[in-house]
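Letters A, B, C and D mark the chains as written, and numbering starts fresh at 1 in each.
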Amino acid sequence: MTQTPVTQTNSQPRITVWNEYRHEKENPKVSAVYPDGIHQVIAAGLSTHGFENVHTATLDEPEHGLTGEVLDNTDVLIWWGHKAHGDVSNEAAAKVVARVLDGMGLIVLHSGHFSKVFKALMGTGCDLKWREANDKERLWVINPAHPIAQNVGEYIELEAEEMYGEHFDIPAPDELVFVSWFSGGEVFRSGCTFTRGSGKIFYFRPGHETYPTYHHTKIQQVIANAALWARPTASAPRSFGNRPEPLEPLHTQTERQ
Amino acid sequence: MTQTPVTQTNSQPRITVWNEYRHEKENPKVSAVYPDGIHQVIAAGLSTHGFENVHTATLDEPEHGLTGEVLDNTDVLIWWGHKAHGDVSNEAAAKVVARVLDGMGLIVLHSGHFSKVFKALMGTGCDLKWREANDKERLWVINPAHPIAQNVGEYIELEAEEMYGEHFDIPAPDELVFVSWFSGGEVFRSGCTFTRGSGKIFYFRPGHETYPTYHHTKIQQVIANAALWARPTASAPRSFGNRPEPLEPLHTQTERQ
Amino acid sequence: MTQTPVTQTNSQPRITVWNEYRHEKENPKVSAVYPDGIHQVIAAGLSTHGFENVHTATLDEPEHGLTGEVLDNTDVLIWWGHKAHGDVSNEAAAKVVARVLDGMGLIVLHSGHFSKVFKALMGTGCDLKWREANDKERLWVINPAHPIAQNVGEYIELEAEEMYGEHFDIPAPDELVFVSWFSGGEVFRSGCTFTRGSGKIFYFRPGHETYPTYHHTKIQQVIANAALWARPTASAPRSFGNRPEPLEPLHTQTERQ
Amino acid sequence: MTQTPVTQTNSQPRITVWNEYRHEKENPKVSAVYPDGIHQVIAAGLSTHGFENVHTATLDEPEHGLTGEVLDNTDVLIWWGHKAHGDVSNEAAAKVVARVLDGMGLIVLHSGHFSKVFKALMGTGCDLKWREANDKERLWVINPAHPIAQNVGEYIELEAEEMYGEHFDIPAPDELVFVSWFSGGEVFRSGCTFTRGSGKIFYFRPGHETYPTYHHTKIQQVIANAALWARPTASAPRSFGNRPEPLEPLHTQTERQ
């Protein structure tokens, strides 16, 4: 067979940035920061980092913009939602969960912790403490060897953000990449990886809609790093069920004695 | 305050052994092995190991035997189900999941991997490969320091069992305690711990209904070890939501500069 | 055989509190806080929590107080050291490491992160950032289900402590129990569990010698919780080496075809 | 600043394949399988997979072939050793360990589990059970989402190999990629990842010197996958030590009250 060189595989994942896109249309404070929507700023940041196949989808498009065709052409899905988690249909949420288990990467941002998709994949309540009071946030790199932490230095500082505090009701992450310090006195596991089925998931905390967080160079860097990390691998087809024929000859109990 | 000595806490968890209890009533081959039901053999094993508060509940009792009062008095729930996962009401399953997140221990046995409760807590498909062909199974202790592996030696050997093979579609367990070898050529992560919310979960593979597995001394030992390990801790109340008052004084951006 | 009830095993581990015990003899600021040494305050705290077999040992005793007989009678060793790590003989350190791998529990406190014992068991540099400036420290419970976090509430607050900041150069802990917030802007993984061989290890950050940290009720509670958690299990003897006789009959390649 | 596109970083790691290279010169049975040494076969496999910067080094070269210049130009080091672990100088071993902590990737093969380098990085004894009896080995993929498991299907089958059996005395790996089944009745965690400092480590079990294991296409695939996975990230410089100036203003205890 012809060998695809390991070093050239999957260098350009196809990315879909999904956004609830309601705050921006309803709240002037938000549209001042994200006039074309949070998704457009995230997509632009990915282009800056060399990704060429970046598309967007939003809640109020038909099928929430997540048609079978769109998902068929998505290697990594980025998810931002907040006030309208309940408006995402159960069918769409189930479809996304199934795709993740089959290998699609998923990056869940900020208040997406309460989305149907993330909660189903975690199996826990995903609740936390929060405060909107312009806390300063400092995201410390806990795992400097992790590809998601590349090129961000020792920490990322955000002058003002919503506070999220522990206890964050998630399963212990496979890898803890960032921990946030908040000026009001709390900490939070703000960068967490999970594997579910064949899919890689990264939860990244920052990004309240009233702050310019997604314009921040280092935040864009982390999302770009995560998009590359979360792309599907050329894994074996997921194969389950009855295997009546053993791989090795079974011997009767008598024979074994 | 009066100090409860650390060394005396929680020595006698209240255990409920839940069983689907249908195979035993319908299949003579099963009732020959478990005439009073799998749950009775498991409960008797626990008594042998010094547990004094052991009760049972089964699918066809009112509310599947899992009333609020029963759950209020359960520190650790043991779950065996196979052919009737669909007959467990969504309400009962959701109630059990909520209790686990609030701290109730859960031990899921064998084909319970496909129960509504376990699948919801894992967030994955929980599928696997299987074969009913009298494979020999040998469960190797991978983590000899783990309290669940106490007093079982280097491995447990079961002369004949159903085979379960990888890939087992679960999240990476917090701790891997046992890995099974099967004579037909497969391996399986057969003893896995998970923490979800305040609840500790142990999945333990063996126990197909046609084999005398739960009569086996070492299998009883593992279940007893797990029941002690999974008992609730005196943890902080799970506390989430808005915290408008910071713990430390917030300074305005101007003040900070 | 006579069954030892699972519920009664190991309720009273034998604990040795080891202390460098030099600051207290040389620095009046320290002896004002710990006139009889840090070890005595820790030992007294354990007694308060019901432990009856608590002994102490210090660096300047013969063999550093860690004779074979002492170690033979130690289930859990607690370690505080700071300025004299180099004065611990390589032989003593190697002896302790070997005991841990064979099942002795180990609780490493504060500046013990740089001890020969901890570094050898971690395999990394164990370095970190630090500052002596009376930072406030708040240790948040990250894993409320963990037995080491029992009875401490949502967090522990220390009015003044030395700061330790990330990156903390350790392997990813098996379980992360506490994360510290410091008023100066840093975070730290301040409660970490590890298993090495048959031994359980807990690293716990607080306790600079000039602060009354070990007099704090909740700090004593954590150490008591950890001592119970770290006690040895009745695990299989560690058994390695050549196994010329297979457990199952090997078939020649020809037979298998 | 000019942005290096995320998608183009590090596509060609510089690899050094280190081999003890003594069996091949002393044992005709081994030289029949690896006439130019195990390292040459591994290097050739990497070239097949598109790696262009592959070099080799062996024990009996000056400085074991691991001069400062060689290590300066090594992103990923592959290590095969068996009978002469003791002949590797402590200085060379310490140098390699330091490089790994600073970010160099390390792939440890087969009997390299007992090398000075691996033991120092693990902090445990790294012992195991073994048998030379032509066991069949089947390496099952446990984590199909992992990049190291790409393109190998559900399992890898080796017709004859040395057996390694649990308990394998290592810390719990960060990720478990493969578990081996042996025809003689044992299992083994045969593909394990670890992060130590900024370095990524992969232990891969197969490869006894008398078998043609490294000629096997899928084994070569795994090593190529691992070499790409283990390459250094553009992480922050490891920065430790005293930080007398806090990042945030500290308030005196009085001010805080």
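Going forward, contacts are C-beta pairs under 8 Å (C-beta built on N, C-alpha and C of every residue); 3 or more make two chains touch, one makes a residue touch a chain.
In UniProt terms, the chains line up like this: A, B, C, D = Trehalose utilization protein ThuA.
Remember, predicted model here, so these are calculated numbers, not experimental data.
Colleague: In contact with chain B and with chain D at once: which chains are those? Just list them.
Modeller: Both chain B and chain D are touched by A, C, going by the contact rule given at the top.
Colleague: For the chain pairs A-C and A-D, which is connected through the larger number of C-beta pairs in contact?
Modeller: A-D
Colleague: So which chain is the furthest away from chain B, centre to centre on CA atoms?
Modeller: Between chain B and the rest, the longest centre separation is with D.
Colleague: Can you work out the whole-Å distance between the CA centroids of chain A and chain D?
Modeller: 29
Colleague: Let me have the rounded angstrom distance from the C-alpha centre of chain A over to the C-alpha centre of chain C, please.
Modeller: Centre-to-centre distance between chain A and chain C: 36 Å.
Colleague: In chain C, what residues contact two or more other chains?
Modeller: Correct list: 136, 138, 141, 143-144, 154, 165, 167, 172, 174-175, 183, 185-186, 195, 197, 236, 238-239, 247-248, 251, 256.
Colleague: Quick one: which bits of chain D touch chain C in the complex? Just the residue numbers, please.
Modeller: It is residues 101, 120-125, 127-131, 133-136, 159-160, 163, 165, 167, 169, 171-172, 174, 183-186, 194-197, 236, 238-244, 246-248, 250-253, 256 of chain D that touch chain C.
Colleague: What residues on chain B touch chain D, complex-wise?
Modeller: 138, 140-144, 154, 165-167, 172, 175-176, 179-182, 185-187, 189, 256
Colleague: Help me check something: in the complex, which residues belonging to chain D touch chain A?
Modeller: On the chain D side, the touching residues are 3, 5-9, 11-12, 48-51, 103, 136, 138, 141, 143-147, 149-154, 174-175, 183, 195, 197-200, 221, 224-225, 227-228, 233-236, 238-239, 247-248.
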